[in-house]
Structures are given as structure tokens and as C-alpha cells.
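Below: one structure in C-alpha cells.
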Amino acid sequence: MSSKYKSLKEECYEANMELNALGLVIYTFGNVSAVDRDNAVFAIKPSGVPYETLKPEDIVIMDYDNNVVEGELRPSSDTKTHSYLYKNWANIGGVAHTHAMYSVSWAQAQKDIPIFGTTHADHLTQDIPCAPPMADELIEGNYEHNTGIQILDCFKERNLDYNEVEMVLIGNHGPFAWGKNAAKAVYNTKVLETVAQMAYLTLQINPQAPRLKDSLIKKHYERKHGKNAYYGQ
Amino acid sequence: MSSKYKSLKEECYEANMELNALGLVIYTFGNVSAVDRDNAVFAIKPSGVPYETLKPEDIVIMDYDNNVVEGELRPSSDTKTHSYLYKNWANIGGVAHTHAMYSVSWAQAQKDIPIFGTTHADHLTQDIPCAPPMADELIEGNYEHNTGIQILDCFKERNLDYNEVEMVLIGNHGPFAWGKNAAKAVYNTKVLETVAQMAYLTLQINPQAPRLKDSLIKKHYERKHGKNAYYGQ
Amino acid sequence: MSSKYKSLKEECYEANMELNALGLVIYTFGNVSAVDRDNAVFAIKPSGVPYETLKPEDIVIMDYDNNVVEGELRPSSDTKTHSYLYKNWANIGGVAHTHAMYSVSWAQAQKDIPIFGTTHADHLTQDIPCAPPMADELIEGNYEHNTGIQILDCFKERNLDYNEVEMVLIGNHGPFAWGKNAAKAVYNTKVLETVAQMAYLTLQINPQAPRLKDSLIKKHYERKHGKNAYYGQ
Amino acid sequence: MSSKYKSLKEECYEANMELNALGLVIYTFGNVSAVDRDNAVFAIKPSGVPYETLKPEDIVIMDYDNNVVEGELRPSSDTKTHSYLYKNWANIGGVAHTHAMYSVSWAQAQKDIPIFGTTHADHLTQDIPCAPPMADELIEGNYEHNTGIQILDCFKERNLDYNEVEMVLIGNHGPFAWGKNAAKAVYNTKVLETVAQMAYLTLQINPQAPRLKDSLIKKHYERKHGKNAYYGQ
């Protein structure tokens, strides 16, 4: 594979394969992309190709206006959602979408995932938002593009910062997550799935389980993300 | 193995082994068949043979009237259900039956699986039907043949098209799924099991979770199956 | 290992390792025995030995009065329950005990497992009995011997036949299962665990799920176990 | 690696890797330490290092006052909780902390785990305590040190003995477990996770499930831990 986008394709390929290794997808139910800001392109999984046979050279290079820059295969059917996020959120480097079990179940239940504990607060200080299903005319229109709008509208209405809240549930559909690169988007997808299962079990054990108190949210988030963070190396 | 049905047996064998690899069966709790329309025969797993020891040459070739055409072993005890479906539904190429956990649990609960999200709508536009348990006289009669009738009656009553709805729950028993070939029947069995678990969790999180709205059902189904489908290669 | 019980020890060893391979035990939370009726002895797992290090020669040979016949290690702490069952139930060849997740949960809930479907009826025609916790004076006495009495009392009171119902839950404790040999006892333990999970899920989906009707119980049980059985080879 | 703490580091490394092998952690969500009482130091996992790349020489040696004795990497962010336990509880040799699924869910539900069965009583005679979330001024202060105080306060208020109850839930956070060495702390973490799942399922099956009666608690605990214990070799 000789291509100026070789390493971008490899980053994208590795992240897609990790999604599969972490048990977050079956068959072709997911896709990850990775952006190259200098060249204003992103790499994305081709549509409907099983992980078992996916190769780095199958990865498709797109520009932000959804034109194929390089690649023989058709890109993921969710491509326009990825491009919309890259175009509007300058700081993100990767995007992941799956139909992971617990994340999808909260999305189908049309409920935000309440912040119940420190596993959640280690990653974000907010309930994980569930964007309401979009209006019928938007569904019938440019659907995947409008899914991007649906995400940004949800963040605007709730005054959320995509640099902190790196994940969302699309009502009735499933999760999108992002981060500084494709690997981080996959990491956030796994964290979301884990937190989703914990929140589900918490409410089964105690339907009146209280939201985590503000002092603990702040403490745990700042241990990892504050200016005096002391987690990690 | 020299047989005019060698490749048919191998297709059937591979599909049965895939059922096991996907975690859809324990022991001998499942069977897959594959049809050869030109010769009006189908290949099916022998009864009670564990997957660990199953070999392609163990697969039994049957005609639509349940006569053994080739094979030393007794065919699956569910053979007459498979043959009834092949005889009546000209477009199907494979049939799978399992006792997979979540599918069986919905069947035992005697409930249709409501369409709650796009994972479901990517595959079919209807709730997954649960056929009511059959009348006592039919159970005591030609039971497996009558299970085939039970499935067709259910589809007729609800005006369902087997070309679109490629799966059913038999009340108190478990799932049957089919498709253009045996591999697709296994794929549909895995999709059904996944959707069954998602629907279960959705109702645990929100007992009032709404059915997916028509515009989203239509959009997702047509992305993959409509005349302007743009999913896959 | 030169011993007249070499093959008995190996049967017992293999069955214990299968328990572990099937995910039915963690650490040392389970034990399987195998009987030699001709010599009136049985082989059983030594107490507290992890499966990772267990060897066939570690297996202990006991007589029905709980004397060690051969072996360096102390037998399973549950040995007296096994011996009591062998002494009283002449037809059984193997016994298995575990703390498998769903079986234990039903035992802790002190509920029989209702017969909801054909997966259950393929193996037995009755609800799986949960023996009530034993009286305090029996617990303080010869506890493991009395656990054997507890099982037989439960079967007597409910008029159950151990040749058909090859499994029981001990209230607050967990499952015992048996069969014609040790491998069948392990098989029955896996079936019980599977049926326990299915019944749990069924009631979560539909708390009013009806018991399987008699005609279907009879049909499925007799397909596999009746005099005109046509399941298997 | 030439170090006077080589074997201590290896014990700590092995225990951390076992945590991962047992499915009790994802990513870096856990840490285990091992103490050397003669030298008054303990070995602990470095902060934020993935299990896939962790090496024995990465393990950090600390004294009880949280000074680094040996090691290039920053120790676990939870180090001060470990040191507080070692300082105050003279008999413990290892401590483990995770975000394991069912343990965290009970902690988020802020509920003690009731003793429902013998799996629980084989290990301890008490409900597994859930320490209430700490006061805001303690969270804002020396948080991880205060988590140690939170644990000891909980044990004092309830009159629990850390030699018998080798595990606790921190409300809203997750489990800590300890034991005579690091391997035992990991064992107790796995037992806690298993018992947590069993108790969850038990209450789903029967919300009125009764607590295990005293005679059975005593019998099972003393089989393994009493002066006439007859479990194990």
C-alpha cells in the first residue's frame, strides 16, 4: 500500500479492529474514523465489510464534504455524521459509532445515563446525554448529515462542551463517541458501554439510587483532568 | 467424501459450526439446514451429534417429503419443520433453529419483540412475531410438521412477508430463522438474539419505552434493503 | 499412576475439568464424583484443590461409609452428600455439585424453577425442586450427610423420581445434579444452569408467564426419553 | 531488575495481572499492592499503566507515609488508601481495588450486600458493608487518605473485624478487598464480585428473599475457618 495516507489508514484500521476485540460490535455494526487535520481529510471504515476480512488498504479517505479522496470501496453509511462532527468540532481527532448492547438499550429507552459513581466521574461530570429522535422531515432528508446536526443541537441546548463530554446517545439508535484520536474514541465507547451497564444494574438494585454528589464528581474528574491532575504518568 | 451433494453438505456443516462459534448453542441444542432447489433436496444436521465431533460427511440429505436421500445418520428431530418451510416458501435457501438464551426467554414469555430501535429496523420493519403455542391435538399429532404449519399460520394471520421478516419465535419453544442461504439463516439467528437482549434491557430501563417511529423504521430498513439502498458494497 | 481405580479416577478427573471448562465453577467451588458399583467405591475431587493444578492421581477413592480407600488427599468437604446419594439411589453413576451463578440465585431465592419451555421439558417434566433449608439441629449435626437426607426427603414429599428428575436446588446453597455417569451429572449441571437463566429472564420479561402446558411437556420429554423416542442416534 | 524488593515487586505484579485475567478490570481501572512488613514498605501498581504493557520492574515501592522508596513511575492514585490500611491493620499483607461491574453497582446503589447463601457464608458471616459517601470537606481534603479513614470508621461503627470481613464497598465508588497477601486480596475481590452478582439476581427472582439463617452462616464459615475446619488440605 503506497499512499500519502498510509499511516492515517493504519490508525483507522487499528481502531476499528480494537472495537471488535473489545466486544463492542458484531458483524459490521460499527465504524471508526480518524482525521488528518493538516490535509483536511479523514479515514473511515468501508460500509458492510466484516472485521474478519478488513484490511488497512480497504480504509476510505474522505474530505469534510463527503467526497472520496482515496479508496475503492464505498465508505460507511454513517460517513456524513462523522464529517459533520469533524467540520464543526475542531479539536476532535477520531469518532466511533457502535450498536453496543447497554448503550443501545439506554438509547432505545430514550433516557440520559445518570452519573451514579466515580467510574463515570473519572471521565465526565455530566449525565451522558440521550439526544431525542429527530423530526420526521429530517429523517426523510439528509439523514446521516442531520444526525450530526442532532448531536450538535443536543449539546447546544444543554450547554455541553464536546471537549469534556466525549460521548452521546442518539435516541432509538445508539452511541457516538469521539476524542483526540481514533483510539481515544474507541476507549470512550468502551467506557460508555461500561458505565451504561453499571447504571442499569444500579437502578435494578436501587430504583431510588441518588445522583453522585457534586463534591465527588469534581474530585474524581479533576484527579484525572484538572490542572493539578495526579492520575497517570 | 464423494457425493453429488458434497458442496451442499459443506455449506450446511459450516453454518452449523458457525452457530456454535457464535455462542448460540450449547451441546446439541440447535440445527441448520441448506437447500438445493435444483435437486429438490436439503442438507441438515444429524440428530444429537455434538458440534465437537460433527463432520461434513455426517450431514444428512433429505427430500421435501422427509425421505433420506443420502446419509447414515438420523436427521435432526426438527427436520419436518425445515422441510415444510422449504416446500412452502420458494425463496428461502437455509433454515436455522436454536435454543439461544434471550430468544428463548421471549418465546417462553409468549411476547412479540417490539421494534425499539434501528438495530432492529436495519433488518425488518415489524415486531418479531411470537407464534402462540399450538393446539393440543396438533402437538400430539405430527408435531414437527405442525410446527411448520404454526409458523405459516402466524405469518398469514398477521399478513407478514417471509421475504422481509426472516425470523419467528415459537411460543414456549424458541427461534427459527431463515434466509437466502444457510449462512444468512445463522446471521439472522444472531441478529434476533442480539435484538432480543436489547429489547429486554430497554424495557428494564424504561417499561414505557415507545415503539420506534415509522419514519425511522422506513429510513433504516431502506438504507439496507430499499431500491436506493446505500449500505454495503 | 498404578491403581485398580485408574480409569475411575480418570473419569472423575475429566468430569471435574469439564465443570471448569463449561464456566460452572470459579476457584474450588464445585466437585464431581463417579461411582464403581462393582467395587462399591466412588472417586471424588480432593477438597480445596484448584482446577489448574488438579491431576488424575489426586482423585480420592472412598467407600459408601466415607472411608478413604485410596488417596493421599482429603476428599471434598461435600463427600458425605455424594455417598448418601450413591447408597440410596442405586441407578446413579455420577454426582456434581457447584455454585453456578443462576442455579445458586434460584436456591438463594428459595424458589422452584418453573417449567416454562421446551428446553426444560427436553430434560424433565417437573419444576426443578428447591429443597427447603434444613432444621437447625440437622445443620449443627452431621451436616453433609444430612444434606443427602434433605434431598431424599424433598423427593419423597413431592413424589419425584430421581431417574427422571436428575437435579435439585438446596435452599440457600446451590445445585446438585446426577446421572448415569459423571459426565452426565456435569451435563445436567449445565442444563440446570441454562434453564435457570432462561426462567429468570422469562419472568423479567413477563411476570405472568404461564407454565408450559402438559401436552408440550409430554411431547418434548417423550421425543427424547419415551419408548418411541426419536431424538439422537 | 536488581533490587532488594525484587520478589515483592513480582508478587505485586502477578496479583495485578491476575486481576486482569479474572475479568475484574478494564484498561487501568484497578490496582493491587503487597506489603513487606519487615522492611515497612509496600509495592503498588504505577498509575495509569495498562496491564498489557505492565512489567514487574514498573512496580513502585512505597513506605507507609507515602514516600517513594524505589521506582521511576508515579504510584497508583489510590496509594494513600492502601498505606492507611497497612498502617492501621497490622495483619493484612495485600490490598486490591477495582471497578468490577456488580461490586460497583451495589456501591452506586449505596446498599450493603445481604448474606443470602453459603457462597457468601463460606467467606464471611456478615453482610458486606457499604461505607456511606464521605463528608464534602473530607473529599476536598486529603481524599485518598480519607478513604482509608472512611473504611476504618465504617468497620468501627459496625463493630466488624477486618480479619474476618476482608472486603468493603465505598459508596458511589467501588470495592476494596484485602487478605494475608496480594493473591488473597485478589481472590477476595473475585469472591465479592461473584457474591454481588448472586445477591443481585436473588433479589430479582425474589425481592423478599430471606437472609441466610444463623445456623447455616455459622456452619459454613466454620467448615472453612473454624478451629475444626475440614475444608481444604
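We call the chains A, B, C and D, going by the order they appear; numbering starts again at 1 in every chain.
Everything below uses one rule, namely that a residue touches a chain if its C-beta (ideal position, glycine included) is under 8 Å from a C-beta of that chain, and two chains touch if they have at least 3 such contacts.
Keep in mind that this is a model prediction, so the values were computed, not measured.
S.K.: Need the graph distance between chain B and chain C over the touch network, please.
M.R.: When the steps are counted carefully, the minimum from chain B to chain C is 1.
S.K.: Compute the centre of every chain as the mean of its C-alpha atoms, then state which one is farthest from the centre of chain B.
M.R.: Of all the other chains, the one whose centre lies farthest from chain B is D.
S.K.: For the two copies chain A and chain D, what is the rotation angle that overlays their Cα atoms, in steps of 5 degrees?
M.R.: It is a rotation of 90 degrees, to the nearest 5.
S.K.: Copies chain A and chain B touch; is their interface built from the same residue numbers (over half shared) or different ones?
M.R.: different
S.K.: Between chain C and chain D, tell me the centre distance in angstrom, where each centre is the average of that chain's C-alpha atoms.
M.R.: 33
S.K.: Please tell me the distance, in whole Å, between the geometric centres of chain A and chain C computed from their C-alpha atoms.
M.R.: Roughly 46 Å, centre to centre.
S.K.: At least two partner chains per residue is the criterion; list those residues in chain A.
M.R.: 204, in rising order.
S.K.: What topology does the chain contact graph adopt: line, ring, star, complete, or other?
M.R.: Topology of the interface graph: a ring, with each chain touching two neighbours.
S.K.: For each chain, which other chains does it touch, given as pairs?
M.R.: A-B, A-D, B-C, C-D
S.K.: Per the contact definition, I'd like the list of chain B residues that touch chain C in the complex.
M.R.: 26-29, 46-49, 73-74, 77, 99, 101-102, 104-111, 133, 136, 139-140, 143, 172-174, 200, 203-204
S.K.: What residues on chain B touch chain A, complex-wise?
M.R.: Interface residues on the chain B side: 116-119, 187, 190-191, 194, 197-199, 201-202, 204-206, 209-210, 212-213, 215-216, 219, 223, 230-233.
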